[in-house]
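Chain lettering (A, B and C) follows the sequence in which the chains are written, and residue indices restart at 1 in each chain.
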Amino acid sequence: MRDWFKPHRIMLIAVAAGLVLWAALSMRWDWIPRYWQLGVEGIWRTLWLMALSVLIGFAMAVPLGLAQAAGPRVLAVPARWFCTVIRGTPLLLQIWLIYFGLGSLFPQYPWIRTSELWPYLRQAWPYALMALSLSYAGYEGEVMRGAFKSVPHGQLEAARAYGLSRWTVLRRIWLPQALARALPTLGGETILQLKATPLVATITVIEIYAVAGRVRQDTFIIYEPLLLLAVIYMAIAGIITLGFRWLERRYTPGLG
Amino acid sequence: MKKLLLSAAALAMMVGTAQAETVRIGVAAEPYPPFSAPDAAGNWVGWEIEIIDAVCAAAELDCELTPTAWDGIIPSLVSGRIDVIMSSMSITEDRLQTIDFSDPYYNTPTVIVGQRSMEMDASPEGLAGMVIGVQVSTIHQAYAQTYFAAGSELRTYQTQDEANQDLASGRIDATQADSLALADFLGTDAGACCEVKGTVAADESILGLGVGAGVRKGDDELREALNQGIAAILADGTYDEITARYFEMSIYGN
Amino acid sequence: MDWVYQWWPGLEASVTLLSLEPPGWGGNLLRGAVNSVIIAVGAFCLGCVIGIFGALGKLSGGPVTRDLMAVYTTVVRAVPELILILILYYAGTDLLNQALRAFGYRPIEISGLAAGIGVLGVVQGAYATEVLRGAIQAVPLGQIEAARAYGMTRFQTFRRVTFPAMLPLALPGLSNLWLIATKDTALLAIVGFSELTLETRQAAGSTRAYFTFFLAAGALYLIMTLLSGRVFGWIETRFWRGQAGARS
C-alpha cells in the first residue's frame, strides 16, 4: 500500500483525477438518465453471455484436452482439428457463419418452423452463446492439452501401480493438478472472452456495446458513450482478475 | 534549354492548378441494391452510383468513391475522413443539427414487407406481437422505435441485407425499409417468402424530406456545387435516363 | 468433375460463385485477403516497434515511465479491441488533425489503410510490450554482466547481446501475436475497411450464398494461419542455432 503514496504516484493520480473531472464537466453526459436502464440490461446480458459461454466452453475443453493428451488417435485427431480451426479463424467470421450461414439453410427445410426448437432458433442469443462457447472450447482445449501433459507422468504411473482405476487416477490426481496448472492462463482467457462479447452485437444481441451503439445513433454523440463503455469493460475485467487471483490463492498454494 | 525548362514549369503549374481537389464521396460499405452495391469485379454499381458520377461531372468536381461503414458515416464526415455523404441518407431534423444537406435527389415511400403467411398491415395495431427487423442508424429504426416498439419486438441489423436474409429465414416477421430497396429484394428467389403489406403512416419529422447529399456544417461552397449539379442533371434529362434503366417510374418524388 | 457435380447438387453453383473471374466473387475475396495480410504485417511491425520501446521503458525507465506504460498495457488489455478500434479510428485522426491545425499546419489525409495499421499497431503494441519484457528479462544475467565488464555501453549491450539473445525467447509469444494480428484485421470490417471479412459479407449479401462465402473466407484464414505456423517454426529453428540454454 505504501507504493501508492510515493510522490510520483500521487502526482500521476492527481493528473488522472484532473482528467476525469475535466471529462465529467466538459463532455456531454445528458444522455445517461435516458439510457441507464437499457445500459443495465446490456451489462447483465454481457455478463451472463460471458459466464455461461465460459462454463459451457470449459466443460467441452476438458474432454478436448484429454483426448489430445491421452486419447486414441480416432479421438485425438478430430479434437486437434477442431482446436486448429477455431484458433485459426476470426471469431467474427465464426459468429456470422453460425448465425447467417445456418439461417440461410432454414428456407430449404420448411418443417423447421413447426418444430419445438423454433422459438429458440428464431432468436439470436442461442447462436451467440454457441459461437462464444465453441470459441472458448477451442482455445481452452489447447490450454488443457498443455496442462494435462505438464503433470509429471511419474505420478500417474505410481497411481496406476497402486491399482487405482484409470477413472480414479483422472478424477483424483490428473485433473485437479491440470486444473491448478491451467488456472493462471484461464484468468487471462476469461478476460479475452469478455473482450469477445461485443462482437455478438452484429447479430442483433443487445448487450452493452449495442446499447452504446444505440446511444451514439440516437444522439449523434461520438466519443462519450465509447469512453463510458471502455470504463465499464475495465471495471468488469478488474473484477474478473481479482476473482481469479482469489481462486489461485485458494486452490494452488503449494504448486509454485 | 532555359526556354524548355520555363515552358515545362509553366505547363506543370497549369496542370497543378487545373486539377481540382479530390472530393471524397462516402457511400455505405454495405450493399444496398439497387442503389449501390459492389459487383463481382469489386466495382460499385447502382442507380445512386450513376447519379453520383453524373452530378460530379455536371458540377465539374473530381470525385472519389470512398466506401465507409454505414453506422460510422456521419462521424467520418464530421472528422474529415470524407467530404460528402451520398448514400441514400434522408434529410431529417435530427441529422440537420449535426450536418448540412443538399437539395433532395429522390424521395420514395417507406413500406412494411412481411411473411406471406402472416396477416399484418403497416400500423402499430397491425404489427402488434410481431418481430420487426430494421437497419441501424436509419430513419426506419427511428420510426419503428417511436411507433412500433411498444407493441412489437424490434431487431436491429447492421445492413438491410441481413434483415432481408433473416426475413427469408423466418426469424423475423416483417421489415420496414425503402420501397425500392425492398422491391429489389422481393424480385429475388429469397424474396418469394414475402410481400408488401402496406405503406407506413407519414411522419416527416422522422422519415424526412427525401434523400439528399450530406456535407459538413458550413461547407456551403460544396453544397452549392452539389445543388447545381443535381439541378443540371434534372434539367438536361440525365436523371430520367439513369432512372429509366433501373425503375419504371420517376423517383424524384416531388 | 461432372460426376461430382451430379452427385452433390449445389456444388457447381458454389464453385461458380467462388471463381476468380466475374461473375465469380473469388477475385474480390483474394483482394480482400491481400489487404488483410498487408494490414496484419503493418500492424505487427508497428506493434513490435512500440513493444520494444515499451519493454525498455518498463524495465529501465523512471518510475513515471513505468507507471504510464503500465496504464497503457492495462487499458489495452482490458478494453475490447472493437471499442479501441472505434475510438482510435475516429478520435485518432480527429485529434491529429486538430493538433496539426493548432500548430498551423494543414490537416493531412490519413488513408484507411494507414489508420487501420495504426490502430491495430497500438493494440498489438501493448501485448508486444509484455512479450518482449518477459523475453528480455529471461536473457541470462551473466551475459549482460559480461558485456558490461567488457566496457560496452548500454546501447551496444542491447544491440549485440540482449537483442539477439532475446529473439528466440520472444518467438513463441510473437508468433501468437502475429496470429492475433491476422484475426483482428477482421474487426476492421466493422469500420468498413475493405479486407477479407468485409468482402465476404458484401459477396454473401449480394448473392445470398452466406454459407459458401463464409466457409471460403474461413478456409483462407486457416491457410494463412497454417502457413504462418510453418514459417514461425522455421524461424524458431534457425534462431536457436548458436544460443546457449535448453529449448523448452
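In the analysis below, a contact is a pair of C-beta atoms (placed from the backbone, for glycine too) under 8 Å apart; a residue touches a chain by one contact, two chains touch by 3 or more.
Predicted model only: the values in this text are computed from it and were never measured.
Novice: Both chain B and chain C are touched by which chains?
Specialist: Output, common partners of chain B and chain C: A.
Novice: Any idea whether A-B or A-C has more C-beta pairs in contact?
Specialist: Between A-B and A-C, the larger count of C-beta pairs in contact belongs to A-C.
Novice: With chain centres set to the mean of the C-alpha atoms, which chain is at the far end from chain A?
Specialist: Computed centres place B farthest from chain A.
Novice: Based only on mean CA positions, could you tell me how far chain A sits from chain B in angstrom?
Specialist: The answer is 38 Å.
Novice: Report the inter-chain centroid distance for chain A and chain C in whole angstrom, where each centroid is the mean of the CA atoms.
Specialist: 21
Novice: Of all the residues in chain A, which ones touch at least 2 other chains?
Specialist: 100, 103-104, 202, 222
Novice: Specify, in ascending order, the residues of chain B that touch 2 or more different other chains.
Specialist: Where chain B meets two or more other chains at a single residue, that happens at 75, 162, 165, 168, 190.
Novice: For chain C, what residues touch not just one other chain but two or more?
Specialist: In chain C, the residues touching two or more other chains are 86, 90, 190, 201, 208, 210.
Novice: For chain B, which residues are in contact with chain A within the complex?
Specialist: 71, 74-75, 78, 94-95, 97-98, 131, 133, 136-137, 141-142, 155-158, 162, 165-166, 168-172, 190, 193
Novice: Which part of chain A faces chain B closely enough to touch in the complex?
Specialist: Residues 100, 103-104, 106-107, 113, 121-124, 202, 204, 210, 213-214, 216-218, 220, 222.
Novice: Name, in rising order, each residue of chain C that touches chain A in their complex.
Specialist: Counting only chain C, the residues touching chain A are 62-64, 67-68, 74-75, 77-84, 86-87, 90-91, 179, 183-187, 189-190, 197, 200-201, 204, 208-211, 214-215, 217-218, 221-222, 224-226.
Novice: Can you check the complex and tell me which residues of chain C touch chain B?
Specialist: Those in contact with chain B are residues 22-25, 27-28, 31, 86, 89-90, 93-94, 97, 107, 110, 112, 190-192, 194, 198, 201-203, 205-206, 208, 210.
Novice: In their shared complex, at which residues does chain B touch chain C?
Specialist: Touching chain C from chain B are residues 28-31, 33, 37-42, 66-70, 72, 75-76, 79-81, 159, 161-162, 165, 168, 188-190.
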